[in-house]
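Before I ask anything, let me first share the structure, which is written out below as structure tokens.
All chains are identified by letter, namely A, B, C, D and E, in their written order; residue positions are counted from 1 within each chain.
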Amino acid sequence: MLQLSPAEWSAVVLSLQVAGVAVAAILPLAIALSYCLSRWAFPGKTLVIVITHLPLVLPPVVTGYLLLLGFGARGPMGQWLADWMGLTFAFQWTGAALAAGVMAFPLVVRPIKLAFDAADPLLEEAARALGTSPLKTFFLVSLPLALPGILAGGILGFAKAMGEFGATITFVSNIPGETRTLSLALYTELQKVDGEAAVLRLALISVGISVVALGSSEVLARLVARRVRGCA
Amino acid sequence: MLQLSPAEWSAVVLSLQVAGVAVAAILPLAIALSYCLSRWAFPGKTLVIVITHLPLVLPPVVTGYLLLLGFGARGPMGQWLADWMGLTFAFQWTGAALAAGVMAFPLVVRPIKLAFDAADPLLEEAARALGTSPLKTFFLVSLPLALPGILAGGILGFAKAMGEFGATITFVSNIPGETRTLSLALYTELQKVDGEAAVLRLALISVGISVVALGSSEVLARLVARRVRGCA
Amino acid sequence: MIAVDVQGRAGNFASSVAFESAGDVTAVFGPSGCGKTTLIRMICGLHTPERGQIRVGDTLLYDQRAGLNVPAHKRRLGVVFQEPRLFPHLGVTANLRYGQWAGGRSSPLSFDDVVDLLGLGALLQRRTAFLSGGERQRVAIGRALLAGPRLLVMDEPLASLDAARKAEILPYLVALKAEIGIPMLYVSHSLSEIEQLATDMVVMTDGRVVTSGALDEVLNRLDVPGFSEGPEAGSRVKGRLIAHDEDTATGRIAFEGQQVVVPLPRPRSLGPVLLHIQAKDVIIALEPPRGLSIRNQLSGKIAALHQPAGPYVEVLVQVGAQQVRARITQLAARDLQLDVGQSVYVLIKSVALEPALG
Amino acid sequence: MIAVDVQGRAGNFASSVAFESAGDVTAVFGPSGCGKTTLIRMICGLHTPERGQIRVGDTLLYDQRAGLNVPAHKRRLGVVFQEPRLFPHLGVTANLRYGQWAGGRSSPLSFDDVVDLLGLGALLQRRTAFLSGGERQRVAIGRALLAGPRLLVMDEPLASLDAARKAEILPYLVALKAEIGIPMLYVSHSLSEIEQLATDMVVMTDGRVVTSGALDEVLNRLDVPGFSEGPEAGSRVKGRLIAHDEDTATGRIAFEGQQVVVPLPRPRSLGPVLLHIQAKDVIIALEPPRGLSIRNQLSGKIAALHQPAGPYVEVLVQVGAQQVRARITQLAARDLQLDVGQSVYVLIKSVALEPALG
Amino acid sequence: GPAHAGFVMGAASLTDALQSAGEAFEKETGSTLTFSFAGSAVIARQVAQGAPAGVVALADAAWMDYLVTQSAVEEGTVVLLASNELVLVTPAGDAAPLALTPEAIAARLGAGRFAIAEPETIPAGRYGKQALETLGLWSKVSARLAPMEHVRVALASIARGEVPLGLVYATDAQVEPRVAVVARIPATAHKPIEIPMALTPQADETARAFYAYLQTPTGQAVLARYGFKVSGL
């Protein structure tokens, strides 16, 4: 029963691709933002936090709709990006990645900020006193110390990206092979008369992928923790 | 234009109630689980982590559907809870809170686990050496030290609970005054050809609530951080 | 009574420690990395040995054979760790009282006394984060004292304090053992601290006990490698304070039928006292000298001579029933033609005796 | 050259510190909480003063008037903090070499030399988490040494080391200043460390400088409150090592036209040396004594007498161009009827001189 | 976005029917179609925002009107693809036919809720509300509604007895064997339930061919097989 049809296969591959690209794209941004939020006080900080968290607070459909208005083929951002960078999102897998990234962003930022909060600033001081510039200190000390949080944020974001549905279907529709991720395929099967077996199969695959992803992230987390805290 | 109709008002109140109850209910559970995950290695640990994260990975519709199967009036858990504790979920706001809680759970667990990871076990040792039992040590030392993470998890969970849509509408339907939260009301308006003004209004209310919630959580977080790390 | 006989390991480090001590204050002495902290952790129940027994007073805390392992919080010990380990989320006062409100312990010492002694008055309303290193350690000591322990366990508690604070706190720890009767296990690599405080001593190297026993005996062993040649080596003798002259701030101590004068800045009740005499402060004379600023001369007989490699000769002089150790150069020993059994005078500057007054 | 003149505050604590020192090793001495660490943080650029100037060598590091504030990482200092602050995500070797691979610094000292000196060989492959307290601090010292600093700043680096390690590391720090010419700023509350190491000294209390200047002068000031009466008070004098007898492991030092014998366990090249003489080790005699184990007697004249409250009298004896400080009891001073200008003999046990050999 | 040959965007309730018709069409012509299914509102908004659809089929005429006013579809091409009926369903074990009277409804409902698609927004709910009002039944059920978003969920609720009674499309009732149709709502009780279809200006040859194919008797027969009411058969 776990025999996948080619269409289902493509949904699996697409989901992994979308989630992977989404997480890879937002991670640097999330790290930079978290560090700023953790270390500095600046005017408008709360506003930044609110904007970051909006995708969590609003129903996904609304977020998807806003993305459609902003980043669609007719949207101002969409046109600008297409003209200047050749990046188009509308009804493409890149759009699915954008939607997944936006939705996952708050989940990624929080744990990373927390990890930066917990990283001892005295160690950063020591690094600076030993000659590393603030930027280098960030990469050589702060970042490695925050690795457990980055991992936690990454895996949370990846899981969210794998499961993202509402914003994706609203923004880039449900096109097989292009934007029909595992979540959307599940939804589609749910509409069919004889879709139950397929629903179960796809759900099991989702679970399987999350088992692998979370399991390996746990192993990785333990390694990282040993490195960072020096103990198990 | 921010004049709310009574129905919209009730959606706002309901949302706050649902999200508040959901977070309050899952927080103790999440804290207990995070602590176990952070401090102990036990067989099946990865399985527990996977189950916790499932609501994130699966499309919300599927989660809602599973809730319906399990916690509906005829579901095994639903019947058991109704018989033994007089708790019913089906088509009630309590069900909306359950759905929101389940969906928010993974978001709450991660930062809290991270905070426990970062809390120095040497301080727990010191507490035990001074006569506090492991349980008391947990409440008097570990928990206060993890407060920033608990706050981060709580606010992430609250935001998610405010925004929860797919699992809620699937599990407890969209009953005005009973289960139609702000998210569902927003969704409902989005289905209407002329619903745009209402969508905008409701979205602004969502944003407003999240501004207040996140803003006050930031203030709180700063206070807590001062307490826990003694600085900033 | 402390009786320890444990084998255990921490990572790659194996330790096998056995000693017994009925003294009020048992010092554990040894170089960095010899396993002192590991031992302390086993005694406190924070690290489980592989084999053996740990007993404090009448209470068996750990017995591998009997499957007994009293959990840390029920051992009723007061611990001062090497790092202060203050609770960052609590203020200074809450930290100090932690054993009481959290551990449910009660202490025979009053809060105010402890605060006064450790000079914590100005810190009580403070948060712990901005305390200086020394301030932290003082709070940690106060916290352990106020936990009303059956045994006070201290892992190099004074290492981060300045001499003045050390000199101020040490006598109180000394008084503590006499007046309140809390036995102590005191880890230190300062012999002078140990000599002022301890009644018994355990010397460790490489996870093993090299020698242990009553402090006076251990101190007077001339041939324990890595220990007897230390710069702080000396002896400790018992005497009686028989007079106190407030004018000159000195006291007169009867010692084996003879007398010594010691500085005594603060009044003190007459009675038994301990004197710590560093070997390097002791001068050997063949006849009583004159016109010297040295106040104290004791007549005795040479009990032992030991010459390790190096410039020194260690001389143990029997004065009545007790022994005083002197460290002199080979040249001096040769000039004076010292030999075992010979009668000599032991000269000690009063000033050198001051901090040793127990 | 270090020239500091800053005012600043940390929380409620206000400090106003001004001193200047051209010496190789400038010691900062003061009781716990007096603001030593705060001063260090300002010099390292980790805490910004409110007003003033900081200059190291030719380089102005901070000048509030000129709006100059060189960032911490460009100050090219080597810092050993009061806590070791090792990087937990790096192994011991990567920590040691941090200044090189991360800070882009190069060091005139070879890695192997530093490792040998600090006894780090067995630790190189270790993670930092399980190092003992002393092991950590040694790694931290090595890390600062290998960062090739223009000024080595050390905040009580030896406080957590045992006497043996201290005695082992200290001479190297001494050699360092002579051979490699890295000036040091050395915070400590151990006078004996300072006397062995420092050329200049700053004494602090309550965020202020009480006195500062060349070490010898500062040490011989008899009336600096809270400092001159300390148990470790003493003087440091300059002499020349003129002979070394390997047999008896002693050396002969010419000092102001007279001679003293000191223990010399390890061979050492002849030439200028520093002697540290604790006031409490010095005996005053009116006539040359005989039949004593004391090898060293110097004739001089009493230059000053000072009697603070308490049992002691501080005596400064002029020996040639230098001064030797003695601490004797009032009783002794009265018996000997000491007075300024009087000729006396200063007796010092050779043994007491050993660790002071710089 | 990328141009998909024969790109069809359809309401989620048409998933089965359109895909079956599409397979038949592909077999017959050898060309390929691409389908995207979502809620009518979502599809309509996407098409208005320039989705590269050729054929648009919605379950709600109002949203098709919106597309016409937005000029997102070719005005002359809006046709009636099929229409639908409403039925009352109960759990399969409780299949006694139900009279459309307030008393009968109330009796069957008991303390339970009445499953219906969201009556303000989702077409099935809107039409259902209108029909129940016409039939004088609305007041009996309006306080006990369980408005549903997903037909599948509504059906599951009824099948498992979570709710004793529900109103769904006739097409939906076919999906779930564990529910029984106990009454059919007369078509006169509500406005016709239309499923409109149109071509967009960017429709390619394949899309146009499929648009035509769906209106042929063969195409209409496929729709009929899934319970839609079609004209001309």
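What we mean here is this: contacts are C-beta pairs under 8 Å (C-beta built on N, C-alpha and C of every residue); 3 or more make two chains touch, one makes a residue touch a chain.
Not measured: the values here are computed from a predicted model.
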Using mean Cα positions as chain centres, tell me which chain lies farthest from chain C. E
Taking CA centroids for every chain, report which one is farthest away from chain B. D
Determine the centre-to-centre distance between chain C and chain D, using the mean Cα coordinates as centres, and give it in whole Å. 26
If you average the CA atoms of chain D and of chain E, how far apart do the two points sit, in angstrom? 90
Whole-Å gap between the CA centroids of chain A and chain C: 59
Distance from the mean Cα position of chain C to that of chain B, given in whole angstrom: 56
In chain A, which residues are in touch with two or more of the other chains? 61, 65, 187, 190, 229
Multi-partner residues of chain C (at least 2 other chains): 83, 130
Which parts of chain E, given as residue numbers and ranges, touch two or more other chains? 150, 152
Which two-chain combinations qualify as touching? A-B, A-D, A-E, B-C, B-E, C-D
Chain D contact footprint on chain A (complex, rising order): 122-123, 125-134, 136-137, 140-141, 144-145, 147, 227-231
Interfacial residue positions of chain C with respect to chain D in the complex: 10-11, 30-33, 37, 82-83, 130, 132-135, 138, 156, 159-165, 167, 189-191, 226, 230-232, 247-250, 261, 263-265, 279-281, 283-287, 289-295, 310-312, 326-334, 336, 347, 349-352, 354-355
Touching residues of chain A toward chain E in the complex: what are they? 61, 65, 68-69, 72-75, 88, 90-92, 169-170, 173-180, 187-188, 190-193
Help me check something: in the complex, which residues belonging to chain A touch chain B? 45-46, 49-50, 53-62, 65, 106-107, 110-111, 113-115, 117-118, 148-149, 152-153, 156, 159-160, 162-163, 165-166, 183-184, 186-187, 190, 199, 203, 206-207, 209-211, 214-215, 218, 225, 229, 232
Listed in rising order, the residues of chain E that touch chain B in the complex are 39, 41, 62-63, 65-66, 113, 115, 118, 120-122, 145-150, 152-153, 156-157, 160-162
